[in-house]
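Both complexes below contain chain A, partnered by chain B and then by chain C.
For the complex of A and B:
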């Protein structure tokens, strides 16, 4: 009995952390979503969320996140596949990961320079004869930079899935007369689908909630759910509406985790 | 498996690496530009670095960032190790999975949600926004990753080791400090390191809970970048890049050693 007690006291810090920083914040968000801007209890925020303004914003946020995830996948899968075939693959993988450890803000800042009016990108366009374009503050620059930032996170789980693949399976498919494309479609891809799902999950959810890039790179033209939350909390101080959007973002997050979840072997 | 990469595949990989690293080297290159812009390289200068080291405000912010990172990583590691040991000691797998899911909430939550909910939490708890609110948030979002990195080490440890120590008369405390902790040390190091990079990298959460008067590097770079190009940021990012590279090399050697001892052979 005494033993159990001392054991429980030992775990208090961790349990306290779960209570204070995991459970309480979610409850607080839910609680605040029922207050309007004057602090009265009401459902007005939820009514507002289902008006065309907010629904359109949610849809466009989804669309951008979908594009970013899709393009990341299209680039990341072949990259991961080719990486598993290189000689020092762990070292190459590490080199892919290194840029993701560079502060996000600095990478965004670099692109302000590259895509600027006199930047390298425009210099290149002039040389090949297209002429200078407005690149910064467009949808293109927003998606390009987002994909740039998320690619390492997409490559990593796919690489791990491909790396675990038994090479004899490919040989077997080959021996049985499958073409390269068929081997990929019927053998390799289905066996690495878990890696793809994980990759999509770790890209899609953050892509929905980006807010710094929308300001620096997209020049406030793109409004994601994240931008809206930030706006309500820090600019207009309408915490109730911000919390309501956050509630929906949390629901979406759980849905995505449920759809892409493969929690059988644990984490 | 043994087939060599075709030239086309090689070109593709080279292109990916080029795109991943170009923005970073672009920043580094222009940090030496005497022209003061991120285009039109006029000549080599170290002026931006000199200016950087004269800027006491910025140096204080760098110091703040480092103090927050080290302190939060240290505390998060302690609580995370406690949590991992706690989760390991559960006998029912249902309780274990529940706690693990709660543990992972902050890993999958978008930064904006974490930031907004912590802002509500600190405001309701009456904690003044500043150093302590930032420190607490960084501890909070670093704990789950420490747990996830320590737990596998604990699980691979054979329970007979503990039984043997107990049979030989070791107290619970001895078992913990002389058997368990040394065994999971690589996991603890990896966790500490990850917590450190999480803290150094974070922008969104800090942005929400920082208030006036206290700033970390990411938040400072954001406000500088919103005002436009300043080559001070380039000089700063070069230094950060070098620091990141050093950290990566250290991390690489730690994990290499773990792998070596883990497999019991060379390389």
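For the complex of A and C:
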């Protein structure tokens, strides 16, 4: 009895936290989404979301988030695999994680310098004879910088999954005559699929609502749902429309979690 | 648990002691609510020597705080945590603050120096009769361009920007009013136009400009123009004068079709505890010699007509920053268009941003 009581007491901070900082804000967003700009109760925001402007924005957000996630995965998986083979793997892992401690804005400003007309990247292109190109404010720079920023979050879960892998399984596959590629495809990859799923969730969802980079690195040539939310809240002060976009983002995120989530509970 | 309680107690006691120490320190330096003046201004927007001089002349202690956007400033004044006695918002924000009853009316009998302000800048739509505000600095929106990078080409109008040779050269500022205003002005409409057909026309005109646009950025445009990342930028005159001081090849022009005229103004917010000192300060800043010194430090255009006498001739005669009355006639101040129209401006601006090359 006493035990139960103290258990409940310890539960209070958690419940309070979830209620105040997770459930209440979501309910507030839902509430605001039903008001038009003049504060009247209406569904006009939802109607507006299904106009070509916002649908196009949603599609392009998805496309960019998909590219960012895909490229991150392509880079992160081999990296994580090599990391598990190194001698001081924790040290190498630390070196990959350290850049993610630096403020996003600082990194973005650094890239403005690197990708600028007179920056290091163009200096290099001059030297090898290609000649200077416009790199800053293009789709390429946007995806490159986003991938750079998200990569540690992709490597970490994949590394953990690979690290936990029992090496005897690979030996067994080898003994039974599987080629290296087959071992990877039939043994290693299926056993690390959870790490890949987590990594994709951790990258795809924030990538869907990126907003600072769209201005600093893409010069507003890329408009994502995040940019629109920022504009509606800070500039137009159309909280209703901003909230409506946020509601759709939340729904989309739940769907993604559901699709990529682990459904084999209890195993 | 016991330890936690002890810790909390210690923290509370220490905080209380620190608070007490601060209040003691403040009063020993002469900071009491009756003779302090809290000023809330944009960053680096006053010659701090003038604050010292004001303190010496009046015996009032000045606390100086800065903000970086009108919206942030208004939010803080609405919350009312700090007793700001003077704030310096832009014109459209004054209209808004006036409507939300955040401003204290000015007592003109305490501001004899008001007569020095140029008649052009008195009694404007955002504050009829200057009941709540006094202009601090003013300026325009225009085009800054690097004549060297453009091979000596001169830009004089908005229409010049649609030139096919300027591919990928233009930096726009990330503001719906500024960019839509540019589209409207280039079609000879008012930048306060709310006619849907005109707005649509302006938006299509802007879409046609897309190939020439390099990026739509915020404050970074200073750095990008200074370092010759782009040769043309849509900027406020104040930004232009700052970057022109750094890069000699840059030129500033107010397009001949017309443009925006903006003001930053001194107001007394509702949070004030010292209305008298606030009036004293406003009157002090309106003194022609003080205004001249401030204008030379900040390098924005002063609305103080008498102050121009105390300033170097080449500055005052510079038509780029002190345009003639004929040109200012053509310039328009942003009117508060109301939330709905502003939302329409922003929607069209968003659609324009999504338009790809």
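As a convention for this text, the second predicted complex is superposed on the first by the 245 of 267 C-alpha atoms of A that agree within 3 Å, B and C clash if a C-alpha of one lies under 4 Å from a C-alpha of the other, contacts with A are read in each partner's own complex, and residues count from 1 in each chain.
Operating definition for what follows: contacts are C-beta pairs under 8 Å (C-beta built on N, C-alpha and C of every residue); 3 or more make two chains touch, one makes a residue touch a chain.
Predicted, not measured: the structure shown is a model, and the values here were computed from it.
By the touch criterion defined above, A:43 lies against neither chain B nor chain C after alignment on the C-alpha atoms of chain A. In the superposed model, A:243 lies in contact with chain B only, and not with chain C. By the document's definition of touching, both partners, chain B and chain C, reach A:116.
With both structures placed on the common chain, the touch criterion links A:234 to chain B and to chain C. Once chain A of one complex is fitted onto chain A of the other, the partner contacts of A:170 are limited to chain B, with no touch recorded for chain C.
Number of chain A residues touched is higher for B, counting chain B against chain C. Once the two complexes are overlaid on the shared chain, A:151 sits against chain B while remaining clear of chain C.
In the superposed pair of complexes, A:25 makes contact with chain B only, with no contact to chain C.
When the two structures are aligned on the shared chain, A:215 is found in touch with chain B and with chain C.
Once chain A of one complex is fitted onto chain A of the other, the partner contacts of A:53 are limited to chain C, with no touch recorded for chain B. Residues 112, 116, 118, 215-216, 234 of chain A lie in contact with chain B in one complex and with chain C in the other. Considering their complex, residues 3, 6-7, 10-11, 13-15, 17-18, 20-26, 28-29, 32, 75, 78-79, 82-83, 85-86, 94-96, 98-99, 101-114, 116, 118-120, 123, 148, 151-152, 167, 170, 201, 205-206, 208-209, 211-212, 215-216, 225-226, 229-230, 233-234, 239, 242-243, 246, 249-250, 253, 257, 266-267 of chain A touch chain B. Residues of chain B touching chain A in their complex: 1, 3, 5, 9, 12-13, 16-17, 19-24, 26-27, 30, 37-40, 78-80, 82-83, 85-86, 89, 99-100, 102-106, 108-121, 124, 140, 143, 148, 172, 197, 200-201, 203-204, 207-208, 217-218, 221-222, 225-226, 228-229, 233, 237, 240-241, 244-245, 247-248, 252. If you check the complex, the residues on chain C that touch chain A are 71, 168, 174-176, 214-218, 220, 223-224, 227-229, 339-340, 342-343, 346-347, 350-351, 353-354, 356. Contact residues on chain A toward chain C in their complex (touch as defined above): 37-38, 53, 56-57, 60, 112, 116-118, 134, 136-137, 215-216, 218-221, 223, 228, 231-232, 234-238, 241.
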